[in-house]
Structure formats: structure tokens, C-alpha cells
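First the structure, then my questions, so here it is.
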């Protein structure tokens, strides 16, 4: 049993892991950058260690500092969360060599799946269907253009070491190739320290379906069913659910079998996710394997009752999986919304600032996985996700209705959020029908943004409040003027 | 389908019902007393109507006002919550006569079960075992003393119209009879508008086990298993759980069968609870039937996945029960803590005041049913419950560990709370063993209160914080003195 | 003095504060009650509905606040202020210069244009990196870059001027 | 001047503020950092652990606050104040009058005793009703009721004097 776990991550996922540690009686040790001093994980951890600086490379991606710290504080294990070091084989190898347990797969599995091109090759060999495209990285613009011409535009240019929607660009025609190629390589280098990119045929209007798999170190495997993560903006998921309403029992059988085979192909252990694209015929293609915990893991937890983070810790300790496939059943339905500090009405531009009011929703079926508290700051250095709001229901309708109810209770001041936008999605007929694909937001965008603030009543309240505030401010200024005779020119027109 | 529901209650349970209405698309109409203007239910409801005054009889127990309001605003139904009018047959009859649906049982069933003495008689007839004692109300001190002598002290004196731990007193010996009799009658009259009292043999060290039953208006019945509510202080439950860890499958079969029979005996429909005392041999005695939703209903919701409030509304609309007994299974374990504004270290004395900071816990397995928000007030007029914290786990241990973790995250300023005390209970070996009875808190009291604040680290932080504040205040005063030469005598000793 | 014009999402509302509990919104009388819960926190009752309001910021003509969690950013003026601002607006119409400001703090990592360049509507002028994402800053209209006031690899604050476009 | 005695749960702690990031607690040096998040909200770091602190109230010698949700109510004095208070304490020992105050606001619904009555330790003197519960107000020691300052059916505030007991 681990006594102390170092959490090499921040915000929401660090909080998630800290809570699991507390429930298991394990000491949680967090790290924080200077900008993250007021973030929630810093406050909740049993121990919190400062990493000087703010950029990822100085802090959460600083291998030497984190490894040295783990040794110094005698951590038995490191949990990488998602992003940062979670899929970095070099880091994992260094952790393994230091005699510290890595809560995740082996560096070997990560390497096999980490290069998206090699993974495609591996899947091809194991008869898991892949999206048409290259299985090697593209060396030059010239080569890339040639391949793109062969498979036909539109294509996707993707970072070989990428994931999570970053380092990926859709190219509609050859004239956009040059700048997209440069830009993707630049972003890839910065985000993943590797600028290899590859090309995939752009599959039109597919669903993003993924299967949660889990292996232990003794060769046992289970899957925890699938998730539908097709609601995306800028190639990043914003609403996810489990199970996928379009997946019938027969399809579920096919995709979970493929997923387990994919995991076995790379001798996988711990939590992993097989991401698939599924077209309208329910044919599916391997997209990539995420060799880590996913952001959206709570929806799977809610429909299975399994705490995936605790299971990760247990498997990393060398234990057998705590459940057998036959004991797992889908219980109800769960939907997650990612609450971002961003402006959907301005191209989803991130918003930064200090959170001056923060009220989270509560009640039946509501789970909030938050990374911040009141007085925390959303800084420009990291992903602007504030929290995940996840609701469970006996069926999809109840889950969505709870999510809508709960989103209305959320109160966040200090940054612009996407809450109104999420509410628009949740009442969109295509979303409600379950028949949305990964271009849903793009296609419905006009509809989704005009829907906002259609509440006349709320607007009236706002207008009245503004007038009352202005009036009371004016009254105060008049009083001040009466006393001080200070004719401030700002009141010229009054 | 109801379009509008008037919620004739306040705080936590009103919020619970409002949320269910919102999820169902039903307009929620709340009422509020003057003291409750800042309570959460007032803010969350779609409509909120002021009931002048503060005492219950002026407001939440004002039949004429509430009925007139229901008609005026065209409410299709009234939900009484728990307490107040929930078990008041006169009120229910008036609602029925006004052509408004009452979300609860018929006045007839309530009458049959409302008089605890008549209910005991009815159960006796239907072969449901009852606690030895009177099945009629006690007319005088003389008669009472005579009966008490016959069945032997200690006895319990209970309000015939009572429930929820109010209007009940244990009498150890005859010398205490007079004042207890008067006091119980007075309290009964005030709380239930009926001062009938009866006598029960005091059963030593029983468990309080209760079965959640549900009937529709077509004669169908289901039960939702049992709850263990033995952790009580001042005869009021403070920690409840489902299922009861001492109840094995065979016992469960016996008590749920008895519970369904009890419900049938009074032609019951909607949600009801059969409360039982269970002795160490797992023999059980009918205590009373609560003909309403219970405070602790969330633990049942968490292990069955059924939203009991929505089911109440559906059944009141005339629908069939949405589930069959065979489809119901116990899923995991749930434990609830009632967070009270009270001082466990001073005889659980209620605490009043304005809530100046309010941070609720979150994360996996955590549900918070709160009645207040920041800036709400806990007033002297009503029950001082702030919120219920309910945690689900795959097993009892996980549920308790989550509850402990979540209680540590709760932050409430402005009133004294029982959070530290609840934490002491959750780490008590007898509590953890599951072998506690209704005298658990009484018996373990010394242990439970000495356990508190054993965290040296936290105390050190407190001591250091105090010194830093004092120091910065002193520095400020010195600055002020330097400028104004104001030698305030309050600083005499500095 | 207690007559205001509130502009919300480009719509103007006319408000008269008629008494301690009465307001007229576009001439409709409305009963209200405003309770100050604590610093910046208010409960506003309008007829039979309460709203939870948090005041973020108030300055001369702009008020930012949350109503039941929905954020509002409104312009509010007295009648005289409104009239004056309309005059200023007319003035501005003659002025063809458009200022492009940083929508968030970040780092300028690439500049594709220079002063004097012609730009199309939607054309990329520079790349602003923030939160590990590259954001293209595009020309909001066609015209000629009048000046670029930032340098490559230099940080910018939110709202900081990036470049200006004049009509051609 | 930066030497304090903090009394928590009847235990005294000796604190010296040694610098901006160093404090001595009962002579042990401790590294700390105090961050003021917003009005009344602080983050306190002690070595490698953060605490979320909310300051409820501060007056001359008493500070009330929450640390990670746990409420604290401590006495804090400078060395001089501590010495003075010890002198006063000695004085009080000679004084045998005990004041019984209302532990919460409510209504006195019954008074069982009158001035001059002898009371046992734990004996009920009056009944205070609050939140629909009847709470017996009992004598904290044996003695004689010196005076009763409230009337039946009258409301009382929290902390309001109810009666006094003198030794006999």
C-alpha cells in the first residue's frame, strides 16, 4: 500500500486525485507553480510544494525538479493526471528507474501508443481498423502535399505525439497547407516537445466514441463500456456522456472487443482509453489510444460505480483488478459538461482573471469536479477549464434535465464562462436526439449562439438592477457633492 | 401533468422539491416567512410568496393563507415536504376539497396513522408487532402514572400526533412524571396542534430501522429497502444509512413484508416510512408510520437510483409506480449526515446567526442537499438544520470515507455547527462496526467530545494565524496612534 | 434625475425609479425589492420572483454583474448622458480608423503583416499565443494597416492595442 | 511588541513573530506565508501545508475564525495584557456571584424559581423556547437565586442576562 503519492499535475485533476488519496488514507503531495498558489489543489493537498516559475516547462513539465522532489519527500508513487507528463515515456522511464511507482501504464506501452503513427501501424497489424492516412511522420511540406493530394482533401494534420485536441489542424485545400503545417509543428513542439506530424483522411461527420479499458499487471483486462464525446469545439470535447445513446448492444460488443484487443496489443496496464471514430453505418476506426486517465472519466464512474482513480492506485500497487467483466453493468446515464473560462461568442477565446464569486450547484444526481475555489485565478499559463459538472440520471433525459437545472445554479464571477453556451447545447434538438457528430457545434453554431439570453424575465431583472445601482451611486455622489462642492467633470451631463 | 406546484415548506426540503420540479419542467412556487427571505428556497423557486410573520402558525402552518394562495396562483398541487402540514389530516382534507392535488397520502390514511395510538391498534390487528404500552391517549397525570407503574420504568411519553423526535420524553422514574407530562403536552400542542400523549415501554438499546414504502393510487406497492437511523441525539436522527449493515437478507424479507402490510392496512399511497425498533435478536416492533417523505430519503435514492420526490409527484398525478419490486436492487451503500447549527459541546444547543462563509464539498460520490446559501440566516424560529451531506460508496467503508473527506471540506462561518462532532462519530469504532443502537451517542458521548480537535497541526495553524492577525492589528493601531496621538485606553497594557 | 436608459445587447430600455418599491420599465409599472445581503451581493425581488445578484463592477456608464449566474455587462446613462453619447457617436462615424486590441493577455509569436500592407476582411495579421493555444488575430475589415504597435515575442495585456486599420 | 500568548482550549501558546516568513511557536522556529485572498479570506502556508482561513471577528483580545472549516475562538494577548489579566482573574476568585446568560435567542415560557430560592446544581430554573424546542435553563452550581431579570413570555437575546446565583 502506498503511503504517499506525489501528484504531478494541477487544478481539477489534481483535486480529483487528492480526494481519492484522502479517502484511501494516503498522504497527498501536490506541486504548484507561482501562478497556482491560490488554486484549489494547493489548498486541499496534505502537502504542497512550490515549483518556481509559471510556464509548464519550468513547473509541471520540469522532469528534474519533479523527480528530485519525489525522492526528497519519499513519495511511493507519482500520479501524472492527464496532460503534462501523463503520456511522456521518457518521464515514465525515469520514474520507473528511480524505483518510484508510476500510476499509469509502463513506459513501453506509452511509447508503443505515444507515436500516433506507430500506434496506427500496430493496430493495423492487430486488425483494429484505422483511419486511412500515413503511418509514418511527414518529413516535409512537399511530401505532405503529395500524400494529401493522394488521399484527397479535406485532411487532418496531426501531431504524432499529440492528443487532447491540441496539435491538430484540418486542411480544406492545398493553399492552406503551408501555414497549417508550420503552425501545427510549432504547436506540437511546444506542447509535446516533438514536432512530428502525420496525415489522416478527414472522415466526414463521424461520432467520437471511446472505450474505457483497464488492465492490471497480471494480464487481466476489463472495459467499462463506452463514452460519446462528439460535442467538441476547436477539436476539444466539451460535453461527454456514457453510455453512448447510438451504441446498441451488438455495436458495444464489437467496439469493446476491439478496445481490449488494442490494449493487449501493447501489453497495457492501468487505465486507458481507445478513441474511435464511428461513421453513420456504425463502422469504426481507431483514432488513438490515450494512455492515461481521461478528463471525462467521471461519466464512466457514475454508470459503473467504480472509482477509477482508486482503481488506478490499486493496480499500480500491484493488485489484481477489483472487478470482473461479468460484474459490470451499465447503471443509468451520465453526462458531463466542461465549464471553461472562455467566450463562446468570441471564437471561444480564453478568459483570465480572479474568481470573485463561486457558487457550485448541488442536490440529487449532481457531481462537481472543480479545480478552483473563490479567490482562485484563471491565468494565461494553463488550460482555462474551471470545473466539470457531471450529472447522473436513471436515463439520458433525467441526466440532461439535471445538468440543465444544475448549470442554472452555477455562479461564477470574474471571468467569462461558457455556461450559457452549454445550456444552449443541452436544449438543442439535434443534441437531444443523440444524433450529433463531431461537427455538431460547428454546424449548429449560429443556432447555439442566438439561443442565448432568450430569457426576457432575466434581462428585465438585469436592467432594473442596473438602474437601481446607478441611481444609488448617483445619490451618493450628490451627497458627496453637497458636502464637498467637488464638481467632478465626470458628472457633466447629470 | 401538473403545471405548478406550491411547496408549503422551507429551506432544505423546499429546495429539494424545487429542484425536482425544475428537472420535470413544472413551475415551482415557494412560500417564505419574513425571517426566511434570505433562505435558499426563496431564491431558487420560480415564484416565491411572502407569508407575513415568523412563527410557524403565522406562516408555514397557516392553513387559510396557504390554501388561499394555492387557489390564487392556480397551483395544481401542494407538496408539504416533511414537518409542518405533511401529516396534518385536516389540512390534507381541505386541500382535497379545494380540488388541489396533495402530494402525499390521502387524509384518511394520515388519520389512521396520525394518531399513534390508533395506528398501534391497527397494527396490532394486522399482526404487525408493536411496542408494549397504551393504544389510547393518556387522560391525566394520575392515569399515566398508573400505566407507567404497570409496564415499568423507564417509559417513553409520546405525542399521539407527533413524529420526527419532537414531543417525546423518556421518564426514568415517577418523580419526573409530572413535569415531563406537562412539558410534552405543551410541546405537542405547539408543534402538532394536538396535546394527546401516550405511553410506550422503553425498549433498551434497540436499533431504529425503517422501511421506505411507496404505493400508487391503483393499489400497487413497492418498498425501497431499509435504512438504519440509530445515530440520534435528543431523539433526533443525525446520521442515517442505507442499507442497514445489521439487516441480513432473511431479516430484510421479514421487515419489508411487514412494512408493505402496514401500508396496505391503511390503504396507503405515495411515499411513506414504517419505523421499527429492532432489538439485538433482530426482533422488531412497529414504532410509527411517517406518512410523508423523510428527511433521510436521499440515502434510499442513492442506493436505488430512484428520485423519490419525482416519484411522489408522478403518483400524485395518478400514474402507476414507475418501477416494479423485482427491478429494484440495492446498489452500494449511502450514508447521510445532518449538518446542524448547534453546539454539541453545550448540550446540542441551537446556534443562530447569519452565514458569512459557506463552502460546500464536492467530487465523486458527494451529494449536498442544502437549505441555505451564503448570507442566509439561521433564525430562532425553525429547525436549525443547515444541510444534509450524503455520500455514496461501492460499500459502507467507501461511503464513510467519502463522508469524512467531504465533511473536512465543508466551511461554514457565522454559526456553531456539529461538523466536528459528526467527524468524531464517523471514526468511532462502535459506529464503524455497525453495532450501534439509538443510545449510541448518549453512551459514547464522552468519547465523542474528547475526540474533537485532536489535530495538533491544525491547532498550530490556528494559533499562528491568531498571532499574525493580532500583530497586524497592533501595527495598524500604532500607525493610527502615531498620526492622531489618540491614546485609546484599550491599549493600556501594550 | 431618476430616469435612465439601459443598453443591453444593443437594445435600449427606459427606466424610471418611481419609489422605494416601484419602478417603470418602458412605462410598465413593476413592484420590486432590493436587499443588500453583503458586500456586492444582492437579492432582487421583482413581483414574485427573487434574483441572486452579484455586482462585479460599476463605473460611470458601465455596470457588470451576475443575475442568477448569468453575466451582464450593460451601459447605463441618464437621459442627458445618452443624448451626449449619441452626439459623440455621430462624430465617430466620420472617423475611419479601426483599433484592434488584444482579446486576452498573451504573447505575440508571429506577425504576418507590416504597416502599409493591404488586408482582406478575415485575413490573419498576427498570432497571439495564450494558454498554449495559438490564436490568429484577423483583420475585422478590409483596409490598410496603419500601424502595428507590438513586436514579435513580446507579451501583451488584455485590451492592449495591437494594430490599426484605416480605410483605403 | 511581537510576542503573544494565545489561549486555545485553555492551553497557552507562546508566539514570537520573528520576521516576514518566520515565527517561533513555543520556541520552535516555523516558516510561514500569509496571503490575503480577499476581504476576511486568507491562505496560510506553514512549511509545506496550506490552510484556508476565514476571519470572522477580531477584537482586542479575542479572534474568531475558521481554519479549513474548523472554527476557532481564541484569546490572544501581549505579554503585558496577559499579566494584567492574570491579576484580574485573582480578583474575580473572591467574587462569588455567577451570572447565567441566554445561550441563544428565544422566549422564556416558564420560570420555576424566584429570587431567594435555594437551587441545586443542575436544577431547572426556567424554560427557554427556541426553534420549537424547549430548553431547560439549569443552575450551573448550587446556591441562592440572587435575582431573576426576565419575565415569563418575554423574548431574550443571545447573551442576555437571565438570573444570578450567589453562594450560600
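Order as written gives the chain letters A, B, C and D; numbering starts at 1 within each chain.
In this text, a contact is a pair of C-beta atoms (placed from the backbone, for glycine too) under 8 Å apart; a residue touches a chain by one contact, two chains touch by 3 or more.
All values derive from a computational prediction rather than experimental measurement.
Enquirer: Which chains contact both subunit A and subunit D?
Expert: Per touch definition, common to subunit A and subunit D: B.
Enquirer: With contacts defined as at the top, give the pair, A-C or B-C, that has more of them.
Expert: Counting C-beta pairs in contact for A-C and B-C gives the edge to A-C.
Enquirer: Return the distance between the CA-based centres of subunit B and subunit D, expressed in whole Å.
Expert: For subunit B versus subunit D, the centre distance works out to 30 Å.
Enquirer: List the centre-to-centre spacing of subunit C and subunit D in whole Å, with centres computed as mean CA coordinates.
Expert: The mean C-alpha positions of subunit C and subunit D differ by 51 Å.
Enquirer: Provide the C-alpha centroid distance between subunit B and subunit C, rounded to the nearest whole angstrom.
Expert: So the centre of subunit B lies 49 Å away from the centre of subunit C.
Enquirer: Subunit B: which residues touch two or more other chains?
Expert: 356, 359, 373-374, 408-409
Enquirer: By residue number and range, which residues of subunit D touch two or more other chains?
Expert: Residues 41, 49, 51-52 of subunit D each touch two or more of the other chains.
Enquirer: Looking at the complex, which residues from subunit B come into contact with subunit C?
Expert: Spelled out, the residues of subunit B in touch with subunit C are 37-38, 42-43, 45-49, 356, 373-375.
Enquirer: In the complex formed with subunit B, which residues of subunit A make contact?
Expert: Contacts found on subunit A: 15-16, 19-20, 22-25, 44, 298, 301, 305-307, 309, 331-332, 359-360, 362-370, 373-374, 394, 398, 401-402, 404-405, 408-409.
Enquirer: Mind listing the subunit C positions that touch subunit B in their complex?
Expert: Touching subunit B: residues 35, 37-38, 41, 43, 45, 48-52 of subunit C.
Enquirer: In the complex formed with subunit B, which residues of subunit D make contact?
Expert: Interface residues on the subunit D side: 1-2, 4, 6, 8-9, 13, 15, 17, 23, 25, 30, 32, 34, 40-42, 44, 46, 49, 51-56, 58, 60, 63, 65-72, 74, 76, 78, 80-81, 83-84, 103-106, 109, 124, 127, 130-135, 158.
Enquirer: Considering the complex alone, what residue numbers of subunit B touch subunit D?
Expert: Checking each residue of subunit B against subunit D gives 56, 166, 179, 183, 186-187, 190-191, 234, 346-347, 349-352, 356-357, 359, 380-384, 408-414, 416-417, 419-420, 453, 455, 457-471, 473-474, 490, 492-494.
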